[in-house]
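Structure, as structure tokens:
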Amino acid sequence: MVMIEFPYAAVILMIVGAIGGLLQTRPIDKILMLAVLGDGLISMIAAYQYLDVAMASSFMTFVGIIIIMIGLIRTLEIKKARGELF
Amino acid sequence: MNEIIAITIGAILSWINFVIIDIWMGLPESPGVRGAEAIGKSIENRGGDLGGGYFSGNIVCSPDASAGTLLASCGYYAFGSPEGGLIAALFVYFGNRICADPGYAGTTGALSATILIWAATYIGINPQNFIVGMLLAALTIQGIYHPYSSKLIGKMARKMNRKVIKD
Amino acid sequence: MISPTETLPWISFYLGIALLVIGSLGVVFGPKASKEPIIRLINLTVPITGIALIFISYNYTLTMLTILSVNTMFYIITIRAIIRLEEMEALY
Amino acid sequence: MFEEYIIAIVSATVLGLILRLPILPDKPMRNSWMISIIFPTVILAVGFFAIFNYFKVYNNIYTAIIIGIFSAVFSKFFLERVFPKPEIGEQA
Amino acid sequence: MIEETIIAGIIIYMGLRLFITQDSLERMPYLNVINFGVAAIITLKNPSPLGVVTSMIYFIMATVAANAIAFTINKIKEIEHGND
């Protein structure tokens, strides 16, 4: 009977997040792939059974994603106001 | 072989639970936030139904009865008694308030899932069957092929008198 | 079949090194990274995750939490700097 | 085991009636943001008491009464400040 | 043991499918299924009260992040194509 253990899924999530996050060109697709990379990191930490570390790192990872998106929206609004967008 | 039958029964029970409660609490009627509206319009452009699209977008953008069912079964499995489901209802309510949602669907789903799991332990279905079953149910709604699932949800919503409200 | 629960530090260590190398190359030579600085900032998350994986393979949990929190503070400061540069039109 | 939950619910309901919370929300009940007795207060009381019931020392009647009073006061005075009602369609 | 196999298979399938699709709004439900799977397996591998609290906090933070991503996609579309 075939058996897939859990850290293999975390490894595939992290590889998908890294390759996709580096090779996409639009910033919002890169941010979505970074969310997948953070999921892989948290599940790998949870496989080590460091649960408090998983709690704190989930908080920090997603707060960092939200901060990047606030900066992205502000930057695009400034570019729109200067007329440089496309 | 016995576990596969238990997982199938758990998947069917949790699918019925979260779909009925989400439609009854009015998720296909209107998008709560603007991201849900964008996801619904995208599913409609790919050949689906608008009500089902709003349903899928609302599930993505805030923890509704699907998250209530999953976290209640997790709490029941970890605590070993029904009080885990009550704690899950509390956390789901706080998460709903953070995500700009009134929070009726999540807490109702968590409490009804707690009662359902407590009743199902007498016929030999454990809470971990419900965890895997909830994941399979979310996969059938969100992950296989969006137009078919959104048409199914739209048909059920029209039968339960929860149509899309047009302004 | 090798069980990953016994060889979990090895998998974590080599995956961390691979992410570090790939991420460093991507920060320098990535597509459109030299035009917009926010894409370079987003690419920088990949080697940070690789460093966190290497630290977790040696059971250095407090070090990993420190580097993640310093990463978040670095985001705040750099995002403010990028917005100021965009406003001053001193970027190009 | 179930008596303490009922005592917590009754305590929260009585103090909510004293503090003049409405019993049910407004009529399209799945869209209203009004804080009432039946929706947040009872669920807060049951959830907080379930946390205290896990530690086997505190599962007595007095804790249930105190939890009911605390949840009613919290949902009357502090819930709008901790989790504020959002603007029309605004998030993040 | 079969539960872990099913959940890992679903996560791998959703990750590969998220890698090959091109529309960014089509990817959001797949990301939601990945969040469900990770939150399920954290509790399934660590059956303790701290494990379930970790799972709840992870799921709520991931949902807030997904909400912000969907809002940002809509906002960027409005900025690029004009608000209609």
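Note that the chains are named A, B, C, D and E in the order they appear, and that numbering of residues resets to 1 at the start of each chain.
As a convention for this text, contacts are C-beta pairs under 8 Å (C-beta built on N, C-alpha and C of every residue); 3 or more make two chains touch, one makes a residue touch a chain.
Please read these numbers as outputs of a predicted model, since none were measured by experiment.
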Shortest chain-hopping distance from chain B out to chain C: 3
Look at all chain centres (mean of CA atoms) and spot the one farthest from the centre of chain C. D
Maximum centroid distance from chain A, chain identifier (CA atoms): D
From the mean C-alpha coordinate of chain C to that of chain D, what's the distance rounded to whole Å? 43
Between chain A and chain D, tell me the centre distance in angstrom, where each centre is the average of that chain's C-alpha atoms. 36
For chain D and chain E, let me know how many angstrom lie between their CA-based centres, rounded off. 30
Averaging C-alpha coordinates per chain, one finds the centres of chain A and chain C separated by a number of Å equal to 10
Going by the contact rule already set, what residues in chain C reach two or more other chains? none
Give me the residues of chain E that touch two or more other chains. 7, 28, 31, 37, 48-49, 51, 64, 66-69, 71-73, 75
Residues of chain A that touch two or more other chains: which are they? 3, 5-6, 8, 19, 31, 47, 66, 69-70, 72
Residues of chain B that touch chain E when the two form their complex: 3-4, 7, 33-39, 42, 46, 56-57, 59-63, 66-67, 70-71, 74-75, 77-79, 84, 87-88, 91-92, 94-95, 98-100, 128-129, 131-132, 134-136, 138-139, 142-143, 146
Note which residues of chain C are touching chain A in the complex, please. 1, 3-5, 8, 11-12, 15, 19, 22-23, 26, 30-32, 36, 38-39, 41-43, 45-46, 49, 52-53, 56, 59, 61, 64-65, 68-69, 71-72, 75-76, 79, 82-83, 86-87, 89
Per the touch rule, the chain E residues reaching chain A in their complex are 1, 4-5, 7-9, 11-12, 15-16, 18-19, 24, 27-28, 31, 34-35, 37-38, 41-42, 45-46, 48, 50-51, 53-54, 57-58, 61-62, 64-66, 68-69, 72-73, 75-76, 79-80
Contact set on chain B toward chain D in their complex: 25-26, 33-35, 79, 83-84, 86-87, 89-91, 93-94, 97-100, 102-105, 107, 111
Per the contact definition, I'd like the list of chain A residues that touch chain C in the complex. 3, 5-8, 11, 14-15, 18-19, 21-23, 25, 27, 30-31, 34, 37-38, 41, 44-45, 47-48, 50, 53, 56-57, 60-61, 63-64, 67-68, 70-72, 74-75, 78-79, 82
